[in-house]
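One structure is given below, encoded as structure tokens.
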């Protein structure tokens, strides 16, 4: 950390700041500039130190130098994390396609959708049994019944299942049904939930919060990693900005930047990032070409009657088109599409 | 709702949109404009309808007309909600001052701080036993031990206690110790937590999320209200914007706007909204003069050594100055300061 | 326009609003909903009407239905605009590569850079003779001398030149030297400058403002188009958001959305959108794959010593790599790279 | 400046960075931390240096320490700047009230409005002869005829006039009519315009841009100051954020922060900051109580028929109420209202 003194700080104030730094157990290193003095603080820095030093008389500001995340950091762990579900690998350079309805409604619809996802070339089935909704009057998901429907669809198609968990009390239950636990954008900083999925023994897909900085997102991953769960997948799903022509703004910059800062896989979610089905394909391809390890997309056989988020769901035809174009782009970049998780149901049950 | 057709929509598309509206059980009402046709949708509208209608062929956009919150709305409930704790009333026009440390550390410090809050003219003691922290390596609060310290401080000073609850599993525990449950900014859309505090039988102070719109904030209040808990207090604590010179941007516009849209009391939090102790007084006064029912402020006897957020804490001297100036401004506006919750310990125990 | 009355509006207020609408020369059309009454306003709507109607007693809000831009709108002009400079076509489906230094410094450097841009496969030379700089103490460009250097580089390489004009007084001068006039992000709403370039007889590349909405951006294009200049090229260069890990946030959603809303070509600027040279390639490819008609990129033979923006400039090697990868991606999508503007110097002079 | 090396930087990279710093004429000062090495750069730092040093191999980031504005800085110039127009002082602790129509329409209306502003207790007349408008089809002001109307209104009421200049070519003309030149939000970084008003010999009110950081705003002031014009007045008018319930978000934090960072007067504009007349009073009072030197407010005798921005204009009655309440709040804080610029017309002509 660097303590920047005010331009008008007195010698006494500078000495007293240095003394305070030493009193907290750090080494101080003073440098006199043209305009003002700065004091470098050396030792095992913790983030709160910034606030503590900021209140000392004559201090203008305190600048952090080291990165606050370690386990998620590529500087510390240079090799890519690869999350495996059967034969399917997420983060090994191949492109993974996750599709499915926003909400789980009826078994019939979910099965139809799962078969369409599979037929179109998908690798995982997504679907919400628990739905975060802005309004208490909106449909909030079928809960365990929804989880059972997803499990039925997995059995019928061989697609592993990813679904959201919203409440720390439901983690065990959801983990019994799901292959990947999803943490939604609104829960990126629900720290007690992060603690629980850190202990759940299942891979976790961590969506970036609506106003989560890249640093906060990686720190949220750090929560999960710090409990020993190494299988964290990041998901960029758009941030909230002043632009209202789309539901959110897909931060495509974040894809290659996070791949550089961290060893964790990154998935793009063009459905929530745009809120418009006709933007899903171009933005999805943009995510892949900029380095994403895959996409998670809303698919619905009959988007007009989806229980939620119809406007951003792809039809099975458009889903297949997206997968096919993604494969073309991936091939052009020397990447391949991911492989299926299991060869057959027996292999899945054995896994 | 108003369904806006594309400028080039065909007659067939318009008719088919009207048919779809009727099929969903609504009345349709078509209006032909200079440039395009719109169809008004009449009936008991639900929010998802917007997405559902948006996917119909030839539809350009769907515009919502009615407000999605009802119980929180002044249109529906014109009279101010007043939350009472003993004799203390929040929302009756008087100005309530809540102060205390960011985190509960030692009993000695909290007691010293509580006495300073009381001596300076405060009405409630704030303090975090559970702390949401961006980093898993930061101090996260003392939990129940912290709650006990707060209870001790209440007994010593007669100040009611407000403290944050972060996890649905802790609601009952925290409600046993606290007079007001606080929902933090990061949990504004933690819907299962909102459900629980809606049933907790305690007033709830609901902080606005970092990127929560005013509508989403009122919808979050609606969650709590919909469980029968009428004692919801809103708290503006700054939103996240592009400006980094302050920790957040205090949305002072929101104070009078929310007072107009809703009957619920609104409190300003200038400490988190600015992140700098020397901005707390001017921004706090701004909140009150624009209509806030009170302030919640970080106070620490010795800000240099606070376990968190030292840079934004007031010393007891500055806290007293803030209360005194607030009283002067309140008086100039014909408002008074709030009264103490209880006359004495016996009254509190009897309450 | 739709005038939405308050839920509690009286019959008298509704009638008086209808009367006001008719007094302004519009037709009114009243619709009674479950909760509130709305009045559709029919006729030749102008944007200020929204504010005028919003002040009427009993009116809750006024909702705009029609789009405020016409000449820029694909609804009105369905066919793609193609901007031509010699044989080079921008907007015909091919991919155009514009490269060059941020600032024009010495003739020697610019020539070296121009040759590298050409050798790497570029189609246009960019470079700033007038530089908008946040600080009055920063280098602000060489002005006309810089324009002359650019003209020399064009002669030496056959690359058409694009350069920024910041002041309405300089439009004629810059138009004498440049093949395309650039309007920078900070001037997107410098309306008198937009008026002047609308009359300059040169194609205009219009950068999106740091906080310009897509609608405001298309309205800024409308200013230029309304003076009879049809050769407007849009340029997405990143918007300002809360995220500070990158200089700006590249709004990749905007690329396909603007291609849908407007017939104008769209160029991506990954250099300013990211501020980091190592993000230029992935974000540039993302722009192209999502539908951009080309890229504008900072290239500098020796980025360490660039007069401005060194951190975001590509070396000639990285520029060539970007062009080559762009060509691969374009081919995978069935698109080709653009062709050179002129076969030789004689052709250019004759043009 | 502090050059932060990557955690994995080699000794060779560090030495080569130090060499580069010395080659640019600066002193280097190396500090080895627990995790990484940093190198302090000493000498006369210029802002571009940050980008230049950022491209050196092995450098992770470069942190700026010194503030880029000098003439606008309170550290350098501790005493408040007071701008004087006749007897009226802006920045001396008194509260100045500026009111008037958004656009200058007819002489009759402007005179009526000016008398109302004066009668209500105002000190200056505002009004736009040149109007920045998002759409080319909106009313853009009467130009010089509008300036003449403003001059007539000044003669009739004795109120000095403040009006916007949008084009460098109009500065001399506007300066002949206006007592204060206004730079609008969209032109905060129109640097050639800033240069011109820096030489115009008139006080300048500089509005903060929609997405202008506080630092950029003070740097824009620095442009004007650097030409020798010391009479710069800052104006906070709301920033663009994700919140759409109000036109902009009034950044009340900025008022006391800018008063601390700079010696220049600061005015609040609650009309544009909110876009709703009923929020003008509470937000205006908030600006004053947090330290603003005055307010600039839209007033219109008949807001329903204003040529622009009717929804945010106060009636004369509400203007008077605002002035009266402001006086009460000012008095409560020990501040007084400003005095009139001139005792009578003769005094004005003599000034």
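Letters are used for the chains, namely A, B, C and D, taken in the order the chains are written, and counting of residues starts over at 1 for each.
The definition used in the following text is that a contact is a pair of C-beta atoms (placed from the backbone, for glycine too) under 8 Å apart; a residue touches a chain by one contact, two chains touch by 3 or more.
What you see is a predicted model; the values in this text were computed from it and never measured.
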item: Given chain A and chain B, the chains that contact each of them; value: C, D
item: Interface with more contacting C-beta pairs, comparing B-C to A-C; value: A-C
item: Gap in Å, rounded to a whole number, between the CA centres of chain C and chain A; value: 31
item: Whole-Å gap between the CA centroids of chain C and chain D; value: 27
item: Between chain C and chain B, distance of the C-alpha-averaged centres to the nearest whole Å; value: 40
item: Chain C residues counted as touching two or more neighbouring chains; value: 211, 240-242, 244
item: Chain A partner contacts - residues on chain C that touch it in the complex; value: 211, 213-215, 238-239, 241-246, 249-257, 260, 273-274, 276, 278-279, 282-283, 285-287, 289-291, 325, 328-329, 331-333
item: Chain C-touching residues of chain D, taken from the complex the two chains share; value: 20, 46-48, 51-52, 54-56, 68-69, 132-140, 166-169, 186-187, 189-192, 209-211, 216, 219, 222-223, 226, 240, 277, 303-313
item: Complex contact set, residues of chain B against chain C; value: 2, 4, 6-8, 29, 31, 33-36, 38, 40, 42-45, 63, 65-66, 75-76, 211, 240-242, 244
